[in-house]
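Shared between the two complexes below is chain A, which has chain B as its partner in the first and chain C in the second.
Up next is the complex of A and B:
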């Protein structure tokens, strides 16, 4: 399906208009009369022993209602989805410049800020470990009790030495990727309300409400049920709000003061305190035989995970698997290290380590093909997996021929017919090139990580069919996609439906909204829920009307006669017969083989990019970036296209401009005037997206999510296009203009022109 | 963070001056405020007093022409300069420079005076090329100062910029004039390197006048007199691009920053200027 040409089947998303006209209310827009305002005091120094925090002056300020430090955390002074090793408030060891040392609640944001200004700390500075190399030094200060390595991965198969011995051509290269920022439009924040019944309501965006509830209960020393988390809608997340951020401070201050507390980070604070994509250094050595078949593949991945764990381990695990991706490789040795440093925290981010790994892997494929003298796309084909091949780590996976599907489909792009190199006639220093890449991307969390799912269908007393899921809407279009699925199942009217998400008081546990899993989980849940739900409706209708169940179908307003379409009984009338609820709980489809982090379901993508390099300045413009994506059937064409285009533009930023630069553990790009994301002027005017919907026969897993796959494979395609255009191999992102500027291009043009005139 | 405690709104030049004199310190004049806002956001000191210049009648926001100059009030908005037919006709490079500053919403609020007083604004290379003159109020009288003298001042005394006077010059057929700004993305960017130039040739193609300037980033915008002299010695057919390239790189001394080295910026400036000449020589630039 060519998604750009299917406008007729586009459905307007239910939350669209209000988001466009600005009337949409996010959780961070919430305020209640008399609520206090909170601010967090940060260490301001990347590495030190903390001796003392002086808060007396702040506490004495008029209008200050509470000042909290490490002594005021009743439960666990720590959080982290995988390992709660980030302190809410530092007690003695400052590990990064935005470590929290105190938090203040005051009558106004100005008073809270003034109070922060008079909180001082007594510290003993320590050497700043601002690179994994420094942190791995045997004499480096231990950042955590177990040392400075958060996680190690290892995968080996075949005989790597023999593999290299068989190789006709070997390429070795080291690839480096940037510290990319999520740049969601809504910064982290929320409202924390102590209720009269002794419970706490938290209105704060997050990708997994129940996980926040668990983490907060640990910090407060409360039962989970005492906390209600309202977590959607969210003004963008991309992984950046998966982990706790403001919640510990807001919750503790609300309980300390007994008053509602509002907290909302500024962009500057979000930059310093928030998660980033892991910068990785990946050294790869790959060999192919004379036919271009991979004989050996070796890689060392080192990720800078920053000060604390969050999901740095799983991200490395994912990157490890995706250094193999959709290729068949007999002899493999992959090692990964996630290293703690005094840099800002790296964590979960759309693509989850795949982006870094694929930049390296696809870079290898282009270099190998060139060295061997074969077409790079043809060489990829020879190495791609077949439908029933095992997964990247040798694990059993659902039959998958996606890579071959997209390999073929991307050739439909008009960019495919463009020359791989051309030079501008008027401005000969402008050179153009094209490049392509291919990737397979896992969905779900992978083997070894609990990945539960679930949902509920209910008939409300008002006669609405209510679908309740613990998933979150952060702009990806989940609500719109859910509505489409429900309409297809029930053929009812939009106003017969009620979609409930993002509130632990009303939704079941569905697992997190991450890892391209939500669409797939909802689809599967409805497959389980709808038949028994309809069955009960029909039985009730039959009892009330005497009509035969086999003549019934669901439709607008109620149960209708299959042939005539006449309304037999309304949903409201059926609801009067008593409550009706269907629930399901299941696990994301998992490989039967115990391979840590190995996936079972994958999407695939192929990308072709066209660039224009201006050699006077080294500037790169991406003039085309078309995608083919294989992820099963398209549920919501508008949402699908939006995800691929959005992911692609994010990847364009990752490749060309985005890097949260740190020097000595201090962010140098404090705001969006120095950290540059692409604007509309930086993106191609049109991006063709082709969806390959075909799934292997007998596949029952439904549509795969496409939340990440648009972002994973563009960088290597752009870099190959740059090489074709300018002859420079890029090994470090974002692309350095200093490597592409070439005054000879100008002087040569001059000589050529003079020559042409005199000759 | 110190919050601004008072905004003063003098309604005359003398009153503005006296307000500043009485405050002595911890004050700042403000027009559009867009640059100040960015600086405060980046942690620069936010003064306790702001003296707003909007109501000072001597400081105007108009674009007028007398017999020899185009006179622009320092409070003129960048968006008004972009839309002015007079600016387009007389000083088209200024129009181009303004249209490459920040984003539309900012250009609707930012003034040319503010862009100049930032000392690194994109209008400065253009004003250097046009040999503009600043008209200042120094507390007692109005004084004139060529822009080039001002950019070279180490520490300027307190003055209020009233007007910018740009000499009106004929641009004969075949004149090459250009403004090029580069940054780390296509638009809404701080400049990394900005160059501007105007090169006049006679009927035989020989250069008889050349004005070149470069700036960008935190570089002090400067005229490139050595490169100009080299152009003057060249007829169009006998320009040695490599020599010119070397001269510009020697002369332009931008500081490096987190994102680009000084060497890179020099190379960009040289490439852009020589590239413009190449385009003119090949007939790819419309004569103005």
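Up next is the complex of A and C:
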């Protein structure tokens, strides 16, 4: 299916009109009269012993209602989805420049800010470990009790030495990737309301409301049921709001003051305190035989995970698996290290380590093909997995022929017919090139991590069919996709439906809205829920009308006669017969083999990019980026297209401009003036997106999510296009423009032109 | 904190509003906090992202960079004053939004441009949107919107340049 040529099947987003006219209420737009305003005091120094925090002057300030430090955390002074080793407030060891030392609630934001200015700290500075190399030094200060290594991965199979001995050519290269920032447009924030019944309501964006509830209950020392989390809608996340951010401060201050508290980070605070994509250094050595078949593949990945854990371990695990991705490799040795440093925290981000690994892996494939003198796309084909091959780590996976499907489909892009190199005739210092890459990318959290799912269907007293899920809407279009699925199941009218998400008081546990899993999990849940739900509806209808169940179907307003379409009984009338609820709980499909981090379901993508390189300025413009994607059937064409386009352009930024620069553990990047994400003029005017919908026969797992796959394979395609255009191999992202400047390019081009005319 | 508070009269979406404010209070805070007009969004606060775009005497400007004293006596239009135009319809039909946080600012910028001159080329509209960042969509939807709203450049128009 060509997604952008089928506008007829697009459905308007249910939340579209309100978002366009500005009436849509985000959680950070909420406030209540008289609410207090909170601010967080940060360490301002990347590494030190904290001796004392002086708060007396702030506490005495008129309008200040509470000043909290480490002594004021009733429960666990820590958070972190995988390992709660980030303190809410530092007690004695400052590990990065945005470590919180105190928080203030005051009558106005201005007073809260003034209070921060008079809080001072007494510190003993420590040497700043601002690279993994420094942190790995045997004499380096231990950042955490177990040392400076958060996580190690290792995967070995076959005989790596024998594999290299068989190789006709070998390529070794080190690839480096940047500290990419999520740059969601809505800054982190929320409203925290102590209720009269002694409970706490939290209105704050997150990718997993129940996980926030669990983490907050640990911090407050409360039962989870005493906390209600309202977590959607969200103004963008991309992984960046998966971990707790403002919630511990807002919750503690609300309870300390007994008053509602509002907190909303500035962009500058978010840059310093927020997660980033892990900078990684990946050294790869790969050999192929004379036919281009991979004989040996060796990699060492080192990720800078910053000061605290969050999901740095699972990200490394994911990257390790994706240094292999969809290729068959007999002899493999992969090692990974996630290293604590005094830098900003790295964590979960769309693609989850795949982006870094695939930049390296696909870079190897292009270099090997060139060295061997074969077509790089043909060489990839020879190495791609077949439908029933094992997964990247040797584990059993659902039959998957996605890689071969997209390998073929991407060749339908008009870019495929463009020359791999050309020089502009009018402006000969402009050179153009094309490049392509391919990836297979896991969905779900992988073996070894709990990955539960679930949902509910209910008939409300008003006769609405209500679908309730603990998933979140951060803009990806989850609600619209859910609506389409429900309409297909029930053939009812839109106003017969009610979609409920993002509030722990009304939704069941569904697991996280991460890892390209929500669409897939909702699809599977409805497969379980709809048949018994309909069955009960039909039985009730039969009891009321005497009509036979076999002649019934669900439709607009209620149960209808299958043949005539006549309304037999309304949903509202059926609701009067008593409550009706179907629930399901299940686990994301898992490989039966105990391979840590190994996935079972994967999406695949192939990308072709076209670039223009200006050899006088080093500027790179991406003039085309077309994707083929294999992820099962397309539920919501507009949502699918939006995910691929959006992921793709995020990868364009990762490749060309984005890097949150740190020096000596201090962010040099403060805001969007020094951190450039693509604008509308930096992107292709049109991107072809082709969905390969076929799944292997008998596949029962349904449509795979596409939230991440648009973002994982563009970087190597752009870099190959740059190489074809300008002859420069890129090993470090973002692309360094200086390396593409060739002052003699203009002269050469003129001489060529002269030669062509006179010759 | 000791600055004198003055009163400023601003015309907001056609109504005169008297705002007691420090002269250096930002328009974004007057709109979002004092007047509870939350359709104007806040994100970078340095005039880079365009989430806070409003029309001031018909021209798109960043509300985070305008002070109260600069707005006195001027006609300010926020997204709440812009309803059901071909621009908003195009955004809806082309799916030119995901999280939606940048969307009001985009609509305001395009409204300003197209009110000044209904006949805009694709390139002009693109340039006019470079001050509005979107992180979700990759601008695919906006490109489709601009394709609908722009005129094909005529020979006369291009000859003039």
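We adopt the following convention: the second predicted complex is superposed on the first by the 749 of 759 C-alpha atoms of A that agree within 3 Å, B and C clash if a C-alpha of one lies under 4 Å from a C-alpha of the other, contacts with A are read in each partner's own complex, and residues count from 1 in each chain.
Everything below uses one rule, namely that contacts are C-beta pairs under 8 Å (C-beta built on N, C-alpha and C of every residue); 3 or more make two chains touch, one makes a residue touch a chain.
Since the structure is predicted, the reported quantities are computational estimates derived from the model, not experimental observations.
Colleague: Does chain B (first) or chain C (second) touch A:110, or do both, or does neither?
Modeller: Touch partners of A:110: chain B and chain C.
Colleague: After the superposition on A, what does A:386 contact: first (chain B), second (chain C), both or neither?
Modeller: Neither partner.
Colleague: Return the chain, chain B or chain C, that is in touch with more residues of chain A.
Modeller: C
Colleague: Looking at A:621, would you say it contacts chain B, chain C, both, or neither? Reply first, second, both or neither.
Modeller: A:621: touches chain B, not chain C.
Colleague: Could you look at A:9 and tell me whether it touches chain B, chain C, both or neither (first, second, both, neither)?
Modeller: Once the two structures are laid over each other on A, A:9 reaches no partner at all.
Colleague: Could you tell me if A:679 is touching chain B, chain C, both of them or neither one (first, second, both, neither)?
Modeller: Both partners, chain B and chain C.
Colleague: After the superposition on A, what does A:161 contact: first (chain B), second (chain C), both or neither?
Modeller: neither
Colleague: Go through the superposed model and pick first if A:174 touches only chain B, second if only chain C, both, or neither.
Modeller: Touch status of A:174: no partner.
Colleague: So, A:476: does it touch chain B (first), chain C (second), both, or neither?
Modeller: A:476 sits against chain C, while chain B stays out of touch.
Colleague: Quick check on the superposed pair: does A:21 touch chain B, chain C, both, or neither? Answer first, second, both or neither.
Modeller: Touch status of A:21: second partner only.
Colleague: Check chain A for residues that touch chain B in one structure and chain C in the other, and list them.
Modeller: Chain A residues touching both partners: 110, 671, 673, 678-679, 681.
Colleague: Residues of chain C touching chain A in their complex?
Modeller: Touching chain A: residues 1, 38-46, 48-49, 51, 78-80, 82-83, 88, 91-93, 95, 97-104, 107, 126-127, 129-130, 132-143 of chain C.
Colleague: Spell out the part of chain A that touches chain B in their complex, as residue ranges.
Modeller: 110, 113, 117, 268, 426-427, 429, 615-619, 621, 656-657, 661, 663, 668-671, 673-674, 676, 678-679, 681-682, 737-738, 741, 743, 746-747, 749-750, 753
Colleague: Quick one: in the complex, what on chain B touches chain A?
Modeller: Touch residues, chain B against chain A: 1, 3, 38, 41-43, 182, 184-190, 193, 241-242, 245, 258-261, 264, 267-268, 270-272, 274-275, 278-279, 281-282, 284.
Colleague: Residue numbers of chain A touching chain C in their complex, please.
Modeller: Within the complex, chain A contacts chain C at residues 4, 10, 12-13, 15-26, 29, 110, 114, 182-187, 233-236, 238, 264, 266-267, 474-477, 638, 641-642, 645-650, 652, 671-673, 677-681, 683, 685-687.
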